[in-house]
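The following blocks contain the structures, represented as structure tokens.
One chain, subunit A, links the two complexes that follow: it is found with subunit B in the first and with subunit C in the second.
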Partner chain A sequence: MSKMLAYEEKDTWIHRLSGVTKLIFFLLWCFTSMLTYDTRILAFMVAFSLLIFKISKTEWKQVGTVFKLIMVFLILNVLAIFILSPDHGTEIYGTRTVLFHIAGSYDLTKEQLFYELNVIIKYFTVIPAVFMFLVTTNPSEFAASMNKVGISYNIGYALAIAIRYVPDVQGEFTKIKHAQEARGIEMSGKASLLSRIKNTSAILFPLIFSSMDRIDTVSNAMELRGYGKHKKRTWYMERKLKRNDYLTIGFTVVFTVVALVITFADGNRFYNPFS
Partner chain B sequence: MSPIIEFKDFSFKYRAQAEPTLRDINLSIMPGEKVLIVGPSGSGKSTLAHCINGLVPFSYTGEINGTLTVKGKKPSELGLFGLSKIVGTVLQDTDGQFIGLTVAEDIAFALENDMTPQEEMFAKVDEVAEMVDVKRLLDHAPGELSGGQKQRVSMAGVMVDDVEILLFDEPLANLDPATGKRAIHMIDQIQKKKKTTILIIEHRLEDALYRDVDRIVVVGNGRIVADTTPDELLATNILEEQGIREPFYIAALKHAGCTISAEDQPQHIETMHIEKYSQAVKDWFGKAERKEGKKGSESALKVEDLYFSYEEGKPILQHIHFDIMEGEMVSIVGKNGAGKSTLSNLICGFYKPVRGRILLNGQDMAPLSIKERGEKIGLVMQSPNQMISKPMIFDEVALGLKVRGVPEEEIRERVNRTLKICGLYPFRNWPVSALSFGQKKRVSIASILVMDPRVLILDEPTAGQDYRHYTEIMEFLKRINEEFHITIIMITHDMHLMLEYTDRAIVIADGHLIADDTPAKVLTSEAIADKAYLKKTSLYDLAVNCGLEDPSEFVERFIAYERKNRREKEDAAHV
Partner chain C sequence: MKFKFGIKEVVAIGVGTALFVALTEIQIPTPIPNTYLQPRMAIMAFLAAVFGPLVGGVVGILGHALGDAMFYGSVWWSWVIPEGIIGVAIGLCASKFAIKEGEFKNVKAIVLFNVVQILANIVAWALAAPCLDILIYAEPANKVFLQGAMAILGNVLIIGILGTLLCVGYSAVGAKSSSLNKEE
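Up next, the complex of A and B:
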């Protein structure tokens, strides 16, 4: 559980890239994916995402559970689009090719199917990129990167410190849960859902109180060591940009421009196979 | 030479309080000095430290009178950050103050905040890590370190700043005795090598004195009560009067009727001139009574060949075998991470043993659920904050009965009875937040006692408590042990606790049971102490130096004598 989506050190050129590079790639990649509905570009992006996912040596067990969760959302999303606007595809592509009638005003059209296919592909262009970014970027280095691209170091540090204390709070949670279970507060499947939710407070309150003690110590410790003294700070974990970083950034920018030019060449962001 | 820290007619009152916490403080500390600051909880010793590192007045505001200068400057001129360049503070909580995701980052934290270029940081971090012996751990996460290692990382984290004063806030509180000893040694080395001024705040005087200090400052009730050399101080009765525990060997000498003089260098028992006292000690030993061991005849908790591991082939506990009798008070001791907590988790049923049995009153507990075990075996966690989940005291104590569906009327009656036993009855309608730490601790014990358990397991019941609170909690436990015949098991690394309050110590080291004997025997055996990261008691050295042949018997008699004294004092107070 604790290893889920967490940074893991491996020796690949993707791991060796600076966090700034990966952040720029990630942001531009998502930006492009969001803007374009050009199926050719999206197809290329899926292929490329899967390729670099493979290169980053990310294992299924690092991302599996989250992937399944996203799949559930994807299905809900696709169904919701169909239910709420079954003729969105027609609106976009201007034609209406009915495959078969379902019920009431609901027809399954080729255009709608194609549109929803694009939505699904878009998910798949982004998912590997998100996973890869999370599991190949050292959180401290990421904090440094955010600061580098102009975001206040407070935000980056808040993130890094949250990650630092996650295992501690998890350990504390288990301890408290055990002690409360021994007192007779049922947290296992035996109790009804309602009483389990009610019983959660028996763990939550002690957890909050002991975490507050911790926060007090941490903030004192940080202040005593000069945190927040200057507008800027340096980072032990920062990585200098190297040749591969410039190449990656260069590629990302060129790709984004080319993708957008192709997308908008015909005046809208859709690729229309029906005309 | 001028003092590096100077208080002149200094007093301080917290904004939220009516009375000043510190009054009329006059204290000068010279560069390079090593000073120990002792005092009971609430004496103001921590506030004194906060004044030096700037948390007062920058984080905790209040009213200051008189002057304080650090390196000739007032804190208001330096600011919190200016002070942090001069004074490095190592806090008590080894986990909480670890800020970085790895050792290297944590050490570099102050440098990062100071915008030090990266190249320079690498060199500096390596240099300091070398000094405190954590260089091979640089890329480790805090979860992979022991308490002692974390503390050394914290030391490195303040030393990167080349601070001139190192301030240690209760450095021994979270460490097992052997690791604590090592910490004191390391502090001593740093002072010798770097000529840093060292301030150590502790109430564990005997352990802190493992290496020489130049002076001891005793703080009591907001004032400085004594400011003198260790030898001079140990020759007085100031410590006892202030509620600070004297070193065991000093107490023993006093029991034997000796008047200790500073010329005999009582700072360390190993080098103290003991000749002129040895006859008195021998005489006392001859007269003193031995404590009578009491033991029930029925087995309360029996563990048979217990084996536990998360992964096959990597046992956490193996061949654990013991039998605790009804009404016994037993300590389970051993270094941090030796498997003590795993053992209590197995007994309470949070984990299932891979092999072996645990029997309660002769019955195998394997089929019982956590909840069912909880009615017979009560677990009290280290901090009451980890347990208390209701805002009102009555509700908190009633919780265990309520979830078991006990009728309202019976709950009221049982809770009130338990609150009376725990001395909390007058507060029954108070909110928990209005109580002191010690009272909260008693609430957490009451919430378990109300279920009438036969066995009570307490995890570090006295952690972080000063002598007075320690005595208060332990006497309370002793009383419920005697009056209600409840078997008490304590998981601890406090050697005073095991010596004074338990009849038996079960010693665990690296997953094995290495001893099951009286605490006096355990703490006079070098082999056991070494393996379990304990420390031989100074009474052993005293007995040997005085030429006594049976040191562990000497320890037994000393404890019996102290216990009797304490009882008499208590009884007198109650009359």
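Up next, the complex of A and C:
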């Protein structure tokens, strides 16, 4: 199961940034990309995302399969918007420039094309940021840094455990699945819907039981080692915020504010080239 | 109502989220195009019913965000938050289900579980998700409400069948080994 994005150790300045810095960047970046439909800002964000992607030395083989999957979703989404609301662009931009007639009530309008172009660009602003965050952040260091900026260590631990156990649970799932398939349980499209649900539960039951056991084992082990006894913990992977961290956070905040000011300067979140 | 945040909850959130993320790629296709049954929803409902609203809500939100980021490379925030709503809603009734105590076997508990999950699904996918979609992403209204309707159908079905089975099954088997409970 290699198609998942996972942390890989490298030595670039992005890898050396604290996990918290990258989380702040990631969240604010997503937030800005969510709010703005201003094509100029989105275009800048795409360019900047690609630059970060380049600097973080992320390789195509780390993210390629996931990227192809996103493209499929992107195309489906764009088509669904067009089929269900071919005139959404007109509603937003207020004008209607028909390029050519397709069929029935479907016209291809410039406004719709422009709106869907914005939807596509929005995907591309966020994708590199997600890749960068997942591929360059060490989960243990991330938990430690979260605690260092004042977030309860329980939350940091829950997150670290989650990231830490994903591959384990996946491995277990595969093992159980192979065992059940060897016993003749059909998982593919050949089985009917109801029997497919039943067959999935044949895998999920053992997986749930072993996971519940795991929860007991891990929490007992943590309890034995005195977890939660004190208000504070020390961390092996601890990393203090350095100059670059403050610079990055500063840049992100300034960028978010500027982007939102530009976006909403004309009263709404869309950039309208038609008026 | 269990709102405490102890060792058990920390680990349950961690391992539960890992489980949710790992099951992101398991999707059962239905006859309706582009609609999948997601077994991970049943897992989330089960964990919420066992561990309460905090675990349910966090597993829903964190699991969805992390799972989408890891498998699809982009996070669709307007669909992350409704997932949390379902987790919290089911979790709020956790003490009535008493799954760990082996009490989840009568018709009353099963009906309650399903009524809660159906209501939560309707609030989440017919109300929260489409509104957030329009608010955050400025998507066309009829597209998001159609998607919401599909999501209700798929999730009610999978939680209703698989989720109920998991609760009944775990309640029957899990209780045998841990029928002793520390008094709070």
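Definition applied: the second predicted complex is superposed on the first by the 199 of 275 C-alpha atoms of A that agree within 3 Å, B and C clash if a C-alpha of one lies under 4 Å from a C-alpha of the other, contacts with A are read in each partner's own complex, and residues count from 1 in each chain.
Going forward, contacts are C-beta pairs under 8 Å (C-beta built on N, C-alpha and C of every residue); 3 or more make two chains touch, one makes a residue touch a chain.
Fair warning: this is a prediction, and the values are worked out from it, not measured in the lab.
Peer 1: Looking at the overlay, does A:Phe67 come into contact with subunit B only (first), subunit C only (second), both, or neither?
Peer 2: second
Peer 1: Could you say whether A:Arg196 touches subunit B, subunit C, both of them, or neither, answering first, second, both or neither?
Peer 2: So A:Arg196 only meets subunit C here.
Peer 1: Contact-wise, after the overlay, does A:Arg214 reach subunit B, subunit C, both or neither (first, second, both, neither)?
Peer 2: both
Peer 1: For A:Leu99, is the partner it touches subunit B (first), subunit C (second), both, or none of the two (neither)?
Peer 2: neither
Peer 1: Touch test for A:Trp235: subunit B only (first), subunit C only (second), both, or neither?
Peer 2: A:Trp235 sits against subunit B, while subunit C stays out of touch.
Peer 1: Does subunit B (first) or subunit C (second) touch A:Leu247, or do both, or does neither?
Peer 2: neither
Peer 1: Now for A:Met222: first (subunit B), second (subunit C), both, or neither, which partner does it touch?
Peer 2: both
Peer 1: Report the partner of subunit A that touches more of its residues: subunit B or subunit C.
Peer 2: Here the partner covering more residues of subunit A is C.
Peer 1: Per the contact definition in the header, classify A:Val149: touching subunit B only (first), subunit C only (second), both, or neither.
Peer 2: It touches nothing on subunit B or subunit C.
Peer 1: Figure out whether A:Val258 sits in contact with subunit B (first) or subunit C (second), or with both, or with neither.
Peer 2: The answer is neither, since A:Val258 touches no partner chain.
Peer 1: Would you tell me the residues on subunit A in contact with subunit B in one complex that are also in contact with subunit C in the other?
Peer 2: Touching subunit B and subunit C on subunit A: residues 160-161, 163-164, 168, 201, 204-205, 209, 214, 218, 222-223, 227-228.
Peer 1: What residues of subunit A sit close enough to touch subunit B in their complex?
Peer 2: The touching residues are 138-140, 160-161, 163-164, 167-168, 172, 175-176, 178-186, 201-206, 209-210, 213-214, 217-218, 220-230, 232-238.
Peer 1: Over in the complex, which subunit A residues touch subunit C? Could you list them?
Peer 2: 1, 3-6, 30, 34-35, 37, 63, 66-67, 69-70, 73, 76, 80-81, 84-85, 88, 92, 119, 122-123, 126-127, 130-131, 133-134, 152, 154, 157-166, 168-170, 173, 189, 193, 196-197, 200-201, 204-205, 207-209, 211-212, 214-215, 218-219, 222-223, 227-228, 269-270
Peer 1: Across the complex, what residues on subunit B touch subunit A?
Peer 2: Listed in rising order, the residues of subunit B that touch subunit A are 53-55, 58-59, 80-81, 84-85, 89, 91, 93, 95-102, 104-105, 108-118, 121-122, 125, 142-143, 157-158, 161, 345, 348-350, 370-371, 373-375, 377-379, 381, 383, 385-390, 399-400, 403-404, 447-448, 451.
Peer 1: Can you tell me which positions in subunit C touch subunit A when the two form their complex?
Peer 2: Interface residues on subunit C, with respect to subunit A: 5-19, 21-23, 25-26, 28-31, 34, 37, 39, 42-43, 46, 50, 58, 62-63, 66, 69-75, 77, 136-143, 146, 158, 161-162, 165-166, 169-170, 173-174.
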